[in-house]
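In what follows, chain A forms one complex with chain B and a second complex with chain C.
Up next, the complex of A and B:
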């Protein structure tokens, strides 16, 4: 719900398969699905909404690679260059011995950055006030929110469609 | 959809519940005042914790000469406790990450508590090397930071440094995984509570979660990525713990089997501790519909599998030692079975190899009392496994003139009791303030609202 003064039509459902079917139908009719609010992750809803795959794996890969590269360089620099210490006659540059810590640091960088990218990207910040579509969406309700894209949007027709799928409550909203 | 190789065939959650009922069932446990049994339990556990705090304070002020160590047995109780707790801390990630990747949906009832147990166990584990340093206020010297001592860097070739990185990474990732999984449930709690400090805390910590599926979609991706990262991580952590031993030239330690042996043992001990806690929680918190006998049965099957791996490892290391034609190696293993500390070896074998075999029988898996006793015995056996590896390998040195015995002091025993106090106190607090079952994940495996299941 980003645009100011944009009108939305919200349908609240009580059952998972109803909201799944209604979302699918809405997408097939070419309606603009703003979002669906659900108490848990519903399998297949991403396809019904036509969502593109998340790009977070790229963040994970890039930062994991960066973390590992940095750590290999750092271990080489500290052990062989900056202040080299002879430990039991082992070579200055003990690459095989650097593997375990490199792995751990790679995991740390990849995981922390992926979670951080997710939280910042989705605007999930400590103490933020939630905007709830309907009070029950974190409990037992499913809310399908459709954007009224232009004047040709026929509220009656869309409401009728939602009723076919057993909607329990329909509401129009201005945001 | 029940996959052909799922460990549970019937419904995952009993009582044909709707999402609303799940919220009520799990949140109402938190909203009710604590039961008298909870007060009894926390009084006992916090007394144990207090005892631990006093003895740790005494050790830090006096020095670790208060322990029963000597020149020959330089590692004993303290490191045994460390490896024991780290091992316990492996089950949470196994359940949340490995079983997630294997699409074992029954994990949803167990994962929250198992992850909490992991984080608490890693905290308990971390205390022991910290005390062992003797000067714990210099613990930050383990981190590679530009310092005024040169800068003198840490030795990246040392397994003890690898261990520091492995355990701190493991703790960070486990805590993050746990919190991430909790955000939707904290939002549920926030929208349910009418006021008070709990609502304030839940509002702050739920990060403005509003159930948006666009967020859920990315959330699922992050969860999958974390599971994919945590799976090799969990294997690496105990592998690195085993390298603390395997890279030293001590008969009984210096063996290539140690990494898989330690990982299997860790998962085995962690599973048994999860089972112990799970059986107590389902009984005292009225969660029998969520933690069903089928869940217990699935956990028992994992115990048989990991117990089998552990038994295989015991046998392999014995045969490898005999076959090695190295008299020191052979002596170390014969000494385990027949030496002065052979009682600890036979406790280990009987608890870890023989006890779990009863779980092959279905009547045993469905009798909660039997399962509870088995899980306790495995906990004891796995503690002794570490004691055997550490103490019996050390007390008979290369030179018979330096052979000694080892007896723990009261301080060491009190510290172990104190670590159990910390573990139980934090777990009891977790049960009071955080939904012990992942509400949003359980809702996803209900049959309610799905035609194919009705």
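Up next, the complex of A and C:
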């Protein structure tokens, strides 16, 4: 919702199946779906909205790999190079002993960076003011928000479509 | 929505291939028993443990689904149900090995003392084998029978009683399987022991069963019975399971290896030294590469997990890894670690096992409808979404 004075049409639904079907129909009619707000993740909604696959897995993969590589190097450097310690007569660069810590650090880097990338990517930073499409979307309601792209946008027609899927409340918003 | 199902009618040529593989395997085994009994019996143990793993892994899959109340795999449940049909055959192979192949187990001639002597006592091992195999068989047959009965009666309470049976089977399996793996495979090297061994065998058998299930489900979709039933959504979940349990297998492998490597006790390290010296080294590494390293990186992208032909290739690689894993567990102990022994006997029986498995599977799959028609969760499973 970046454009100033952009108009939106919001339909609020009571049932998961309804919002899923309405979203699918909106996409098929070529409407611009601004977003869908739901209290929990709905299976199949990303496909219904026509979303691109998330890029977060790449962050996860790259940072996991980076964390693992860094940790192998670090363990090698500490126990075999900078301050070599003889542990039970094992070779200094004992790879099997490095594996558990490498694994843990890989998971730590991958997990923390994925969450951080999500928060930064969505702008969910400290000081962010909450902005709810409808108060019910954190509780028991589902809101489908459609962008009114141009003057040809027919509110009556779209409202009629939303009613077919059992919409309980329709509202026009300006952002 | 209940799609029209075609029956499984493999071409007579396909059927003949499986039949001839089985016959050839039996012939190789018979000749092997006369020429090199140690190798023939070791191979029999290998394929029996492998085939038993397919059946038990499939039964575990069914039991997990019932106990969790999961719906996603209900539509393809007839695949693991038919896989369970191999268990009696594998049981015969294991009992045959224990009785005729008594000489494979050094402790039968050189009786250990103390606690080990109480556990590794020949009559007791035989009794345990019969008890374990019977308990598994009785529970699994009951689950499969009730699932098939539901098709005709439509009685939803059969799902409830199958959930109860599944819970019983999971507990029974957990209490017995580790001991079975000790008795039948670990005791080939009675001086060596590892408390991780049972978990390791479980990891391998479940991974192998998942791989076989994936291949069979895709095959049944291509040939008819599961057309319009098996979707990319189901495959995606199978792919995730394969990915997860491949990694679980490696995790357990390493958990066993690292503790033994770290402690460095001579009686413990021998097990691994025998498996990566004298020509075994490349196989030792290959086992990890085909069972985990390659599947891990190949299965990472979502696209691959939804692609039937890629999943079948990865599954086939994992099944090869499964054979290699059992070969590495059994052969260095029972045939000799001084050199790698591989010839007509090993190859013949390794390719005969899938032949026999497929004959039993096809017969078992045809004995019921290709999907559990009256399962209350079928509808949700057919419309499964990620």
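Some points to look at:
Methods note: the second predicted complex is superposed on the first by the 173 of 175 C-alpha atoms of A that agree within 3 Å, B and C clash if a C-alpha of one lies under 4 Å from a C-alpha of the other, contacts with A are read in each partner's own complex, and residues count from 1 in each chain.
Criterion: a contact is a pair of C-beta atoms (placed from the backbone, for glycine too) under 8 Å apart; a residue touches a chain by one contact, two chains touch by 3 or more.
This structure is a prediction, so every number in the text was calculated from the model and none was measured.
Between chain B and chain C, more residues of chain A are touched by B.
Legend: residue contacts after superposition of the two complexes on their common chain; A:44 is shown touching chain C, with no touch to chain B. Of the two partner chains placed around the shared chain by superposition, chain B and chain C are both touched by A:97.
In the superposition on chain A, A:115 contacts chain B only, with no contact to chain C.
In the overlay built on the shared chain, the residue A:140 is in contact with chain B alone; chain C does not reach it. Common to the chain B and chain C contact sets on chain A are residues 43, 53, 57, 97, 100.
Note for the complex: chain A touches chain B at residues 14-18, 35-43, 45-46, 49, 51, 53-54, 56-57, 60, 64, 74-75, 78-79, 82-83, 85, 87, 90, 94, 97-98, 100-101, 103-105, 107-108, 110-112, 114-115, 118-119, 121-133, 135-140, 143. Taken in their complex, chain C has these residues touching chain A: 254, 257-258, 261-262, 264, 300, 302, 385-386. Interface residues of chain B facing chain A in the complex, by the touch rule stated above, are 18-20, 23, 144, 150-159, 161-162, 165-166, 169, 172-173, 176, 180, 183-184, 187-188, 190-192, 203-222, 225-226, 229-230, 232-233, 236, 240, 243, 440-441, 443-444, 448-451. On the chain A side of its complex with chain C, the touching residues are 43-44, 53, 57, 61, 88, 96-97, 99-100.
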